[in-house]
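Two complexes come next, and they have one chain in common, chain A, joined by chain B in the first and chain C in the second.
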Partner chain A sequence: MNLAAAITPDLVAGHGLRPAEFDSIVQALGRDPTLVELGIYSVMWSEHCAYKHSRPLLRTLPTRGERVVVGPGENAGVIDIGGGLCVAFKMESHNHPSAVEPYQGAATGVGGILRDIFTMGARPIALLDNLRFGEPDAPHMRHLIEGVVEGIAGYGNCVGVPTVGGDIMFDPGHAGNILVNVMCVGLVRTEHIRRGQAHGPGNAVLYFGSPTGRDGIHGATFASGELSEEALERRSAVQVGDPFMGKRILECTLELIERGLVVGIQDMGAAGLTCSTCEMAGRAGTGIEIDLDRVPQRAPAMSAYEILLSESQERMLAVCEQTRLAEVLEVCERWECGGVVIGQVTGSGRVEVHHRGEVVASIPANHLTHGAPVYHPPEAAPAAPEEFDLPPVLPGEDFKTALLALLASPTIASKRWAYRRYDHMVQIATVLRPGDADAAVLRLPGPGEPRFLAVTSGGNHRLVARDPRAGAALAVLEAARNLVCTGAQPLAITNCLNFGSPERPEVFGQLRRAIEGIAGACRALDIPVTGGNVSLYNESGGVAIPPTPIIGMVGLIEREEHITRPGWREPGDVIYVLGDPAAGLGGSELAKYLVGGDLPGVTPRGPLPPIAIDREVALLDAVRSAILAGLIRSAHDVSDGGLAVTLAECCLLSRGGHGAWIHETPDGDLALTLFGELPPRVVVSVRPADARAFEALISARGVACAEIGLVGLPGLRCADQAAISHSEMQQAHETPPWESLR
Partner chain B sequence: MPRFDAEVVVMPKPEVADPQGQAIEGALARLGLTGEVQARHIHVGKVFRLDLEASDRAAAEQALHTLADRVLANPNIETFQLKVSSH
Partner chain C sequence: MRVAVIVFPGSNCDRDCLHVCRAVLGWEAIACWHREALPSAVDLVILPGGFSYGDYLRTGALAALSPIMGDVRRFAAGGGHVLGICNGFQILCEAGLLPGALRINRDLLFHCEEVALHVERRDTAFSSACPERIVLPIAHREGNYVAGGETLRRLEEERRVVFRYEQDVNGAANRIAGIINEGGNVLGLMPHPERASEPLLGSTGGLSVFASLAAAVAA
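This part shows the complex of A and B:
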């Protein structure tokens, strides 16, 4: 590539910059940018880094709370959980890399989110993955599924962080653009929290970790007219992760932070060296000067453009005082991370880059990080879903057929085929494992009585597609319900907003409504959003994916006896359904199943039943109060597949193999009662001796409470419907998705 | 049909990170084996050998290319070279 290339309008457009953005750059620099500078701006002002379309919307999210230590804008959010301990957590997407190269895409997604967490000074203790695929019957999709799951396992297992949760859904709407979202949770002592800020002019800027190669260099580069064969070949150079190096930079970073040797530290993720230098200087209001000739390089003869925009994995940038430099280098050496000083902090407010004796870029840091324009694109209200008639009451055999079919459907069926490949026990703190409960529960370190952290992540895009505002609020409420059902108090959320192009009015309409829904639910629950990620332009063949906001939530369990599981405990326990009766089948798994043609006139669309958030909050409060009062033996949230699937799961998760006899269903329409998913409900079981006290506690909170049956012999018997044996349910539920589709 | 001896050599693309190769470089240094001779830029690949039956050499090469591109190599991160010789 010709570095002295004239900056033509085509080249600017090829870098994804609009004419008005280019004018702003020329104004800030007082001249035309060099090609290197154009590349830097292209990356820093991309949606991924600058949130050009989403920033005003994200500002409406509630981010404050008494526990919030670090809010949005840093590498990860941090909340205080008492006892001098804080939780750092964040979620990121790696959708496009995983679609191209599933194994490495997913693996480097895990590596990237781990760096975000340990960069804050926190030791990663858990990973969660939210995956969205097309229907698993296509051979190419099977290849993507296998690759992504192996990639997650390959990185997470090697680096020694347990993968404890997440969700997997299959939908034709994600076939052309799969989603791979990864969340990481870490623990940090309050005094060790570090920020990605380059303070103190004169301080050394240090590079450590893997050398820089030509990996994942920004695609915009190649839109310029000077493509050689060689360059085309390079473009496909995907990032390859090295979990063992990941582990070394993790330990090196934590030691540097715990010994107080660094002033600020930042990982090199998207846009690598460019992003990390600009952001560190921008946040601190300082400048940074670096010399690319000192950057360790894997490939010969790399240009300044390539070095700056490389996305090679497992690289870190640290700022330290000159007097501590020798100690810092000793730590890097010991962890075999090869520390090199590549520059220094300046007071100039500029990011200045030298290469082969020339200044190849000199940009005001603040303009790069805060000067990106904000767009308010036109929006359109999403189309209202079609109405459909409720299916008639299911006759006996149909109930059994429908339930077994739903248990075996790829989205509902056990995800054992995936999580059995993940190490979920490493670090030996996992109390509730994947598949055990609605959320994972981890034991917290520390003296005294043990405390526990509950973590969950998910989001049902089918609901969001029908009603973005209500659907996104429901994703927050479901995450909270998952935590509450394990006995935890929800504390804070992170999120990953996966949408199509914001330049489509209907997509921007979805995005705005979804963010409003998240904000509304968080305010009602009084929990903050401490950070997150926006992944836009998820499209293929000109069609956007269904709007898919994923919510990650962390909660605290103060006492061991509050940990609650979903499985039945003892025969004779009374089974209750808490919450308002099901009000519709729109967006339900049953509706999806019925499209197969079993009942004519039913379409998968259909509006969501109305949701009253304050009633959902009351439900959560009631369940949590009953758990704290020791009145609940088991609790399980009603979600995909409705009450019938929830009851089946309570049977399957019963350690004693107990079943349920459901003698009564709260209202008339059996299909609606058993398979309706909304409004949200919770199934609990209670000792007969506690039944009165339990009912009184729930009723006092104005929450509907219906006794529907008893825990009993194995299997599920529902009123006058055909009984279903434990093994029939187990076989349906444990079948991997591709086998059920054969 | 004529038989051919075929070989596919799969190597990581030069631009792609090769953690295995880097690990070996590290091991050489740790074992003190980098004193007199410098071994650098180590890359780890793999070799496949197979028998092919095909109507002629061109058909064999064509079939081998498909096999390598679709199964033996990952074109995202690896390149391959083919060798076909008469049995």
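This part shows the complex of A and C:
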């Protein structure tokens, strides 16, 4: 590459930088940037790194709380759970790489989020994945589904972090742009928390992990005349993961931190060496000087541009005191992670890069990390969802047919076909496993009586598409309900906001409303947002995906006896529905089945029923209080597929194989009562002897409480509808997605 | 009871085994890095599950050449008890301490689930305290046991198949889940007893394997 290449407007545009952004760069440098510097700015000021469109909106999220130790802006958020123990957690997207090469895209997504967690000094204890595909019979979809699931398994299983949760939904709106969001949760003792900060001028900058190659170099769109044809041919579009190196750098990093050998540490993720050096210097207010000739390289004759912008996986950057370097290198050697000093921290405030005896870049770190412009693009109110007329009764279908069809539908059916490929038991802490309950529950280490962490992640984009503000709030509320149903107290959230192009007014309108919805729900629940990720420009064929905010939430269970499962426990237990009656079918799985079932590609329309957040918070409080009082035998959130699907799942998850006899379906429209999904509700079962105390506790909190039946013989009987046997429900529920009865 | 749990690069059930040995069984358990010498006076060596050397080349092939394996071989030759779990079983086969090999599962997929095992004999150091049937989790992609016809015949004749899957879960020859060596002191087992050793985690079938070992060592 010609370092002295003229910086033309075309070259600037090819790097995705606008003329005004270029002017700001020239002003900060006092000269035209070199090609290398242009490349650095290009990645650091990309939407992915700089949040140019979303930053002002993200600032409106509540991020404070008494448990928050590290808030947004670091590699992961950290909250204090007492006993000297903290939880680090974060969610990231790997949507576009997964669409191109599903196995490596998903695998490196897992690798990346793991690094974000152990970089904080935390040992990863759980992974969750939220996947959005097109309908399983869409072209190439099975290839994408299989590839993504194999990729997640391939990385997570090898590293030895259990994959315990998440969700998978299938929607025509995601067919052209699948979503792969990955969340990781880790544990760290308070004194071992580390940050990505390069403090202490004179300290050594250490590189360890895999050598740098030409893979995943940002700027694939970059004027190809500047790169030789040969180089282009050698460059792969998607990074390739090496979980074995991932495991070694995990152990190496944790040992370095536990032994107090690093001052600051950061992984090289998006934008690689560039991003990690700039961010570490920027956060600490220092400078960094590196020599690219010392960077381990796996391809010959790499240019400075390539070395700096490579996204080769499994690489770490650490800042260490010179006096402890020998110990540091010994740890690196033990874990076979390499370990090379490539530069030092300076007091200059600049990132200075040397290559072959020349300075190829010298940029004020602060300008790179904080100088990116913020855009307030025009926005438009999302179109109001069209009304639709649902037939008043299930047309030509009885209850049984509809329920079995919903149980077998890809989004609702058991995801065992996926999670049996994930090691969800390694680390022997998984108390509630995938498929067991609304959230996964993990045993926490420590002396004394065990405590437990509950984790969940999800978000129903069909609701967000109808009403971004209410739908996003509902995603937060559902996550909280999932945790509460297992007996946990929700503590904090992370999120991944997957949207189309923010330059489309209606998409920016969706984004703003969704963030408002998340903020409102978090305030009502009094839980902070400790970080997250924004993935914009999710489009194909000029059409944006449905707005898909995914919420990841962690909660705490203080005592083993509070752990609550969804399955029925004993015959004779009384079944209740808590929460306001169903008020609409907009966005429901039944609506999709009825309206869209025969018309592939048609998304069901219709607005959401109004949601009163304070009523939802009261519902959560009531359920949790009843669990703490020992009054609840089982609890299950009513979500996709409504009450009928929830009751069926309670039967299927009953360890004793018990069923339910529902004698009382609230009056009115059967479809609405049994298949309506909103407002949110919870199904619980209660010992007959506790029924009165339970009802008193619930009604004292102003929460609607309807007794609807009893736990009994296997199968599900709903009023005068045909009975459905356990095996019929089980068979339907175990349908793999590509065999669903569409 | 003094146990050494060998840690290879890529082992990922080493901490689980250490936890069960220490916190559940009250044993003295030492993590032993593969480049170090085997600690003296141990009663049991555990080769834990995981992906030693990232499963590169073949599962267990590289770990079998690790420096520690010389000590493990000598320990086994002297009658010491060796338990290879999952990847540990694969390593024992590659090291020649057990016959046969573990191939990729017949459906080419990783399986993580609980499976029922029939305990074929209850007079070994690894099974004397086991009931006839135990349920243990499996978590592997290469658990499909294979051996030559003559080897299989000998294994069956010499009653060296100690644990057998009740159902065909991965295509393993004769539904073999765990075998011992001729001396009866080395067991390779694909399922994970350490994952089924605490009631909190759902099952305790694995405890009987550890209890058997405690009895054998005490004898």
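Criterion: the second predicted complex is superposed on the first by the 710 of 742 C-alpha atoms of A that agree within 3 Å, B and C clash if a C-alpha of one lies under 4 Å from a C-alpha of the other, contacts with A are read in each partner's own complex, and residues count from 1 in each chain.
The rule we apply is simple: a contact is a pair of C-beta atoms (placed from the backbone, for glycine too) under 8 Å apart; a residue touches a chain by one contact, two chains touch by 3 or more.
This structure is a prediction, so every number in the text was calculated from the model and none was measured.
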Joint occupancy of chain A by chain B and chain C, clash or fit = fit
Among the partners chain B and chain C, which is in contact with a greater number of residues of chain A?
-> C
Using the superposed model, determine the angle chain B, chain A, chain C defined by their C-alpha centres, to the nearest 10 degrees.
-> 60
Examine A:210 and indicate which partner it touches, taking first as chain B and second as chain C; both and neither are also allowed.
-> first
Using the touch definition from the top, say if A:418 reaches chain B (first), chain C (second), both or neither.
-> neither
For A:426, decide between first (touching chain B), second (touching chain C), both and neither.
-> second
Go through the superposed model and pick first if A:169 touches only chain B, second if only chain C, both, or neither.
-> neither
Looking at the overlay, does A:242 come into contact with chain B only (first), chain C only (second), both, or neither?
-> both
What is the contact status of A:335 with respect to chain B (first) and chain C (second): first, second, both, or neither?
-> second
Could you tell me if A:632 is touching chain B, chain C, both of them or neither one (first, second, both, neither)?
-> neither
Where does A:313 make contact in the superposed view: on chain B (first), on chain C (second), on both, or on neither?
-> first
Report for A:158: first if it touches chain B alone, second if chain C alone, otherwise both or neither.
-> second
Least CA distance chain B-chain C after superposition, rounded to whole Å?
-> 6
Interface residues of chain A shared by chain B and chain C, listed 242, 244-245, 336
Counting only contacts in the complex, chain C reaches chain A at residues 9-10, 12-13, 15-16, 19-20, 33, 49-51, 53-56, 109-113, 137, 139, 141, 192, 194-195, 197-198, 200-202
Sort out for me which residues of chain A touch chain C in the complex.
-> 153, 157-160, 242-245, 247-248, 334-336, 419-431, 433, 443, 450, 560
Residue positions on chain A within touch of chain B in the complex are 100-101, 104, 210, 213-215, 233-234, 236-240, 242, 244-245, 298-299, 312-313, 336
Residues on chain B engaged by chain A in the complex (per definition of touch) = 12-19, 22-23, 26, 74-77
